[in-house]
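Note that chain A is present in both complexes that follow, paired respectively with chain B and with chain C.
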Partner chain A sequence: MNKLMKPTFSTAAAAASVLSGWLLAQDVSAAASAPASANAPLSWRLGPGQYRQTIVEVFGPSISITGRFDPEYRQDGLLTIGARTASISASGVERYDELAENIAAQVVDERNRDTLIPCKPASATASDEACARQFLSAAGRLLYRRALTEEEIAASVKLAGIVSQAKHDFYAGLAGALGNMLLSPNFLYVYKTFEPDPEQNGKLRLDGYSKASVLSFFLWNAPPDDALLSAAENGEIHTKKGLRRQVDRMLASPSLENGVRAFFSDMLGFSEFETLAKDPMFFPRFTPRVIDQAQEQTLRTIVDLLVVRQGDYRDLFTTPDTFLTRSLAALYGIPIVDTTDNGQPERWIPYSFPADDPRAGILSHASFVALHSPSGRSSPTDRGKALREYLLCQAVPSPPADVSFAVVQDTNHPVYRTARERLGAHATDAACSGCHKITDPIGLALENFDSAGGFRTTENGAQIDTSGELNGTKFDGPVGLAKALRSDPALTACVATRAVAYASGRTPRRGDAELKRIQAEFADNRYNFVELLREVALSDALFSVPPQATQLVTAR
Partner chain B sequence: MKSGRQITRRRLLRGMLAGSAVTVGLPLLDCVLNTNGTAFASTGAPLPARFATWYWPLGLGEDDWTPKATGVNYTLPPQMAPLKPLQKKMNFFTGGQVFLDGQSNNVHFTGLQGLMTGKVANSREYLGSIDALISEVIGKGSRFRSIEVACAGSPRDCWSARPDSGVQPAEISPVALYSRVFGAEFKDPNAAEFTPDPEVMLKKSVLSGITEERQALMKRLGPADREKLDNYFTSLRELEQKLEVQLKKPEPLPSCSIPKPLPMDKEPAVTLSMDAVERADLFAGLLAHALACGQTNVVNLAISRPQSGLRKDGDATAHHTHTHEEQIDPKLGYQPVCRWFTDNYMNALARFVSRLDGIKEGDRTLLDSMVVFAFTDHGAPRLHSVRNYPIITFGNGGGRIKTGMHIGRPGDQVTRVGLTIQQAMGVQTSSWGVGSNRVTSPISEVLA
Partner chain C sequence: MRKVTALCKGASFAALAAAGIAPAHAETRGYVISWFGTATYVKDFKSSCPQNKNGGGAEWMIRDLMSIGYSKAEATKLAEGGEVSGPLRDKLSMRAVVNGKNVSIYNYPDAVPDPDIETVSGKFAYGFDLGGKNEAHKFIDPETGEKVDNQLWRAIGCTASFRAEPPAMPFPEEVSWNAMVETSPGFAIMITAEDFSKDGKVSITLNRVTQHLERDAAGNIMSSASYALDPSPKSHNVLEGELKNGVITITPKDIYLQAEMPFYPEIALRNAHMRMKLKPDGQLEGYWGGYFSRERFSYMITSRPGHGGDSIGIYHAVKKMADASPDPQTGQNEEISSTWRIEAVPAYLSTLDGKIVANAVLPAHPPAQVASADSTK
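Let's turn to the complex of A and B:
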């Protein structure tokens, strides 16, 4: 354990902490258990964002998608990893079926058919095989992310014909066949499949379509476009030069923003916003609108710094620059001028916090301090745990059983009035103090932010002490924490690890040579996040062939 | 940002070459032509058994709620006072525990894992809960094999898990549940006329097109992906079965009445215990009607997640925190705020069960044909104890179990309650559970 502690915990204070060592060991074991066994699933269930984006890409933004999806599950810190083992429940199939019927009906609707269907039937009240074939094979290629086989096209066209005849409506037939595609596992799951590698005798490679999907969902959170599918079909994607050309093109595309947003929404746990609410009695400014805007504020800040300005990832945690709306500014207690009329959607206004402001970086956003707080009050422990888990990729153990939590958060306690005092009292319990030492000194530095993200300097009439510590570095207040975090090597190592895991579907082992190389390149590129994406997209980690692939191809 | 790709798509759609007309014979519509489902005479078969689970968070509190006496002559503890009118139709099981077998107690989870699936594991594995084993037997002939609902806004608050595919997502919106069960696809079992809907017939045939894709897809996949695909097709099969049920004339059910449509949902996320209970009441009404109308035989309701963050109005501290921090009032002998939560849930449970008991089926009630299984995450929540779980069941399952008793078995496997209920509901098994949680005999005194 001590041997393992050295790389991340270089300070004497941390090295002396048995618990920190245990924490790291937890992290290592979590990573070690994650890599695919020979039987790990390779496919993943299309996430809600990927589903929506696919419909936008294939049929345009006018198609509305109403309905809910099967819930997602986080594994090894990412929903993307959880999607590898996600099945589709019976009620999930019902929902996907409703979505499919609804989308298909909109596509063939009179308002849309002229733009979305590339041909006109000989008669609108009968089947038309040629037109159905033209539409279904083209739509199918985009939805299944590969060209359909002749058998698949024929079956789909036949189905459309039968429904058209039964309903005396050509478009009803198309809708029936399209609905089936949208409910098919070929659409709802993204599959990785393999083929013999002509360059290396006896070896396999990921086939072109699979490579295209992996790249596209990684960088755009969207299905491959026509150019990428063509690169898969003509073999360009298998050459070093061709692959580089595609990755360059994808990184230069406006769709990259969508991919970067999806990655950080996943890594920062924004799906938890779905069930986030605060007590309006205590936090009247934390409205449902603010909840949506809180995520958007952080994502805008990220895209602006990392994509538009190609900045240093570490600066996300210290940057004074962000974007605010009227509602968010009210929550934060900042006077901003917004000339939008009442009733109009609020505008996003660029805003820079003054140099001495306690707010800087994304830790001070409501998307962190409010997301990781219970509905009634703040929790330094929850925030400290979230920072370790989401931003440093460290696992914090669950509370042990059979321990009393007396006094910790009794906000009416006559003696222990602030969270710090209550946690201090709790820390005398040996069974608890170990874990709280690694979470609370982080969270306490953020206590100037209440459960909803508003600013405060006192709690229950007592001054809040925001001194804290991160892995041996002492500091005061949220800005001090942000600076300490910025210089923690685990911060950049974590985002690189998450990027590899997000792209490949597998969490790499700590000592993984390819991961180390990617992390080193990331440092050499001054922690430019877009360059990190490029390194990962071109790395061997992405298209690796697992052991079980051999039997698959031979069986075929 | 997406405009460039949009153009590509249009160009692509317009530019596709029309393929040559090749048809492959697929029997897609064979059942459309087969219209023999026009009339189903009543078989006179007995009403099916029904089953419900009802989860409330954080037990009954710290004080001593275990009745001294066992058998029929016992006094209900004050924590369960709202259930007093139902005592004769109820069994109260105490003393059962989950054995960890060296695994760590992942608080608010491991105990439920053992109690509901019979298996304790260090992982978050949660497969094959009691209700799913039961729905395997009594759920398959109905429109929905089971219905899950959660009252605090998260579809993940659910303890129902199929043996193969894991936790079922719960419905969080009463309005959505209404339209799912009583919307356009609902067939009133008491309607005078029944005509199979040609749209449903067509839909069923269309769906068979997806099943046709199965073999080709299977060949391309590894074992783990094939397993997931199997799960998908199992779920698809349930959708097909749902359509099949809609094509058959339903048995008349005099006790079935259609509930009134619900007004708009409130905000999905819930932070107050009272709001969760209000939603539980809305769900209870819909579930009772769904059971009485033969739409499902198995329902599962969860108030919240186990480590409940629900609060009392005006109090910033959540129930879970109170269970650990609130002092036991020396005069009262219990934690007063925690008791407020428990009372709230026991009242809601009483309303749920009373609603079922208020629906007449012949000379008996809906409750008399079923078993309601009410359970919680910890015996003593302050200590995260996995001992002395309070389990409350209601109904005699159509004469399959005796009621009115307190069954106190201190130190016994809590899984024995699960096995007993499974056997009563017709699951053909003589044992249940893994390791020290394995039991091979039921609690015979409650089996009729």
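Let's turn to the complex of A and C:
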């Protein structure tokens, strides 16, 4: 950040202090009344994807964002819920400071300023209040996701002027003020604010800007666009008809794909790819490129089936249709025709597995079988646990601290050659067998896929038995598991629950009437995921006023 | 791998025929060449190069410095102190004189004296009987025990840069290969047989592919990747062969594969012979032999001075050892008998119009996985 700005937002450490104190004041009262996930929290920290997308939406894709963000953590199965209680560490503030300074410098850079700044100063070596005001008020509205107050605009323009005068550079001043905005809690956090509800005397409602942010981050994983902010400003968003019009517009927008990708990346735990590694000696085809492409394969499959074709959510688990690159095809051991010229990036090619192929649905993608395996071996238990937790919303207890995994991990065991045999020996321990009964019969059906997602029929020379069971339904092999999963009512109930939780920032209580209604509508709509998004977006649950908000307003 | 034969049979009859492969009920396996370089045999280095006078890079540099007037002591000090750079290096490389002008010795190697490097005097080298009549030139192949022609090895086998034992590749070729692998199109081998588990006739097709080779996570060439065949007939070679005891040999024939700088400009072998093992891990490994243009070899060696060690010494040695195709006017042999070691990994091959014409066949039993120190169940 520009040195001359330091008196206003001094050093990064001081900034951390200011930011932390500010956030504390905002969130303490909410947090004190109930856990974040039980009540709708009043703010959330922008996730890395949301931060990046905001910069893209406001300044375009040419602005590069390099650097790491503060770590995210998962709560109730979603990073989005974890973000509701996420703070920013002192080192995190330093990183945001660097990002802000870097982004601001790019925006005012000679290559970009004519495109991104809507006015030219009278002199490039002096301050220009009118031009600074025009740019900062417009950019601030998009970054803060609301119109700036006159005081905020005046403070930013003043800061830009001070820096411009000191540096004899109008654009340096603009960069300083923009960097300040990018480091502001008003940008880094999304706040829900409330106002008296004119329809219900004595009650509160979410204000229009808050509704716009909730909707846009839910459906687009991006900040509200100008049309949505306008709908917030003119009150349209508060009317049923106006809200529906906006939701229809957003669901028809190409940006929906970005939102659907973000939702499933979160729900399927794709953040774990950041630490995923395989032993290259045993899984040489699991290259760094494959790590990125494994996620992309599943997300492309999801978008194609659920958004483009408006298909049945349950079919994600049985569909033979997907997209492959040469690297993924090599991992899976299948041929693919890619006639891309030498030296060009790999293409994504639509691919359909044959009807009798053991690979079908997203459970057979590397994004599931490789993600939920240790680096050197497959793990039916990890895979079964992941399926229950990520896809069925069922909690599986962690193993006791004093359990020995020696037999399970000994893949060169002279007697127990397959994972089934090793787990069978391990599960004779009564302390283990209970949990393994709910995970292993699922995961063992996926044993045709090794730790990296490659196909195999034997392990250590022994034939792999892929028979399994899911909640009483017996089957054989990965395709049998996929069919059993498709028929399990918990599958669709789970994704609907996750959608509500993702949108509202809280996991609905068991038996929640609105959730039941949404789940029923989902079934009536033949599990059309886009229709599920519509139901959630229009649901009363999304904009409900939590009790602590009323308490907060009353106290003030 | 699964349904390999069925998939190949179902998808590729027309394409196989178009590619020059016709058997009606055959299986076609695809490969890409993952290792190509001079076939070295260095187990008997001491007896093969008894003078051991060529030395390595430092000795070569000392010889070069002495050739422009430095004393041995001065040259040794400069070479071992690493001070041969800038103007001095330029002076060394521009010491050839043609038409009164200083020119690069690497462009005009005949314009400088032959350093007369030591050549191989031992008995063994990999190779094939190419029909050479000079019994004194024959080596014994350590694998087959047969008398073979391989004058290229005689010329270069005592130089440090070619003193490499597989899987290590000779240094100049390794540098070129590594530079080429991820930029230049690869070479494909298709082998068609009625039954790979039995002895019998096979058909072998060599082609260039349109994409460069893919590396795996361990840095090796990836198995079971897919490639499209270059439809140009320029690098299309169809060979008749035989599979016997897991080893494929061919009826000798000329072969040509277009290559790229800084690797050999072409892989062109006259009277090419082959023997390649079908290994249990699904890969091919073996030797190709034939007469190779001395000019092509020298071009590879002199185009990257430094990587080839004593490029000029090798140039002159190869020129002297060349044993075929004499120039009608000068009598200089323009080809040299040679042997090349190749490895190839399974690959899927398709035509540009989308037909899979060869399948990657990996072993039925993958290697055992390893236990890892994780805490999962």
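A few remarks follow.
Throughout what follows, the second predicted complex is superposed on the first by the 508 of 556 C-alpha atoms of A that agree within 3 Å, B and C clash if a C-alpha of one lies under 4 Å from a C-alpha of the other, contacts with A are read in each partner's own complex, and residues count from 1 in each chain.
Simple rule for what comes next: contacts are C-beta pairs under 8 Å (C-beta built on N, C-alpha and C of every residue); 3 or more make two chains touch, one makes a residue touch a chain.
Everything numeric in this text was worked out from a predicted model, so none of it was measured.
In the superposed model, A:456 lies in contact with chain C only, and not with chain B. In the superposed model, A:506 makes contact with neither chain B nor chain C. In the superposition on chain A, contact of A:261 is made with neither chain B nor chain C. When the two complexes are superposed, the chain touching more residues of chain A, out of chain B and chain C, is B. By the touch criterion defined above, A:279 lies against chain B and chain C together after alignment on the C-alpha atoms of chain A.
Look at A:343: by the touch rule set out above, it reaches chain C but stays clear of chain B. In the superposed model, A:335 makes contact with chain C only, not with chain B.
Legend: residue contacts after superposition of the two complexes on their common chain; A:388 is shown touching neither chain B nor chain C. Touch criterion met: A:377 reaches chain B and chain C at once. When the two structures are aligned on the shared chain, A:70 is found in touch with chain B, with no touch to chain C.
Of the residues of chain A, those at positions 278-279, 281-282, 288, 374-377, 399, 403, 405, 408-411, 451 touch chain B in one of the two structures and chain C in the other.
By the touch rule above, chain A contacts chain C in their complex via residues 278-288, 326-327, 329-330, 333-343, 358, 374-379, 381-382, 399, 403, 405, 408-412, 423, 426, 432, 436, 439, 450-451, 454-461. Considering their complex, residues 1-2, 7, 183-185, 210-212, 214-218, 220, 222-226, 228, 348, 350, 352, 354-356, 359-360, 362, 364-372, 374-377 of chain C touch chain A. Contact residues of chain A toward chain B in the complex are 39-43, 56-58, 60-61, 68, 70-71, 73, 85-94, 97, 115-119, 129-131, 133-135, 137-139, 142, 149-159, 162-163, 166-167, 176-177, 179-180, 183-186, 188-189, 191, 193, 222, 225-227, 253-255, 257-258, 274-279, 281-282, 288, 374-377, 398-411, 451, 546, 548-549, 551-552, 555-556. On the side of chain B, the complex with chain A involves touching residues 1-6, 8-19, 21-24, 26, 28-29, 32, 105-107, 145, 148, 152-156, 162, 164-166, 168-169, 171, 176, 180, 198, 202, 205-207, 209-210, 212-213, 216-217, 219-225, 227-229, 231-232, 234-236, 238-239, 242, 267-272, 309, 311, 313-318, 321, 324-325, 327, 382-386.
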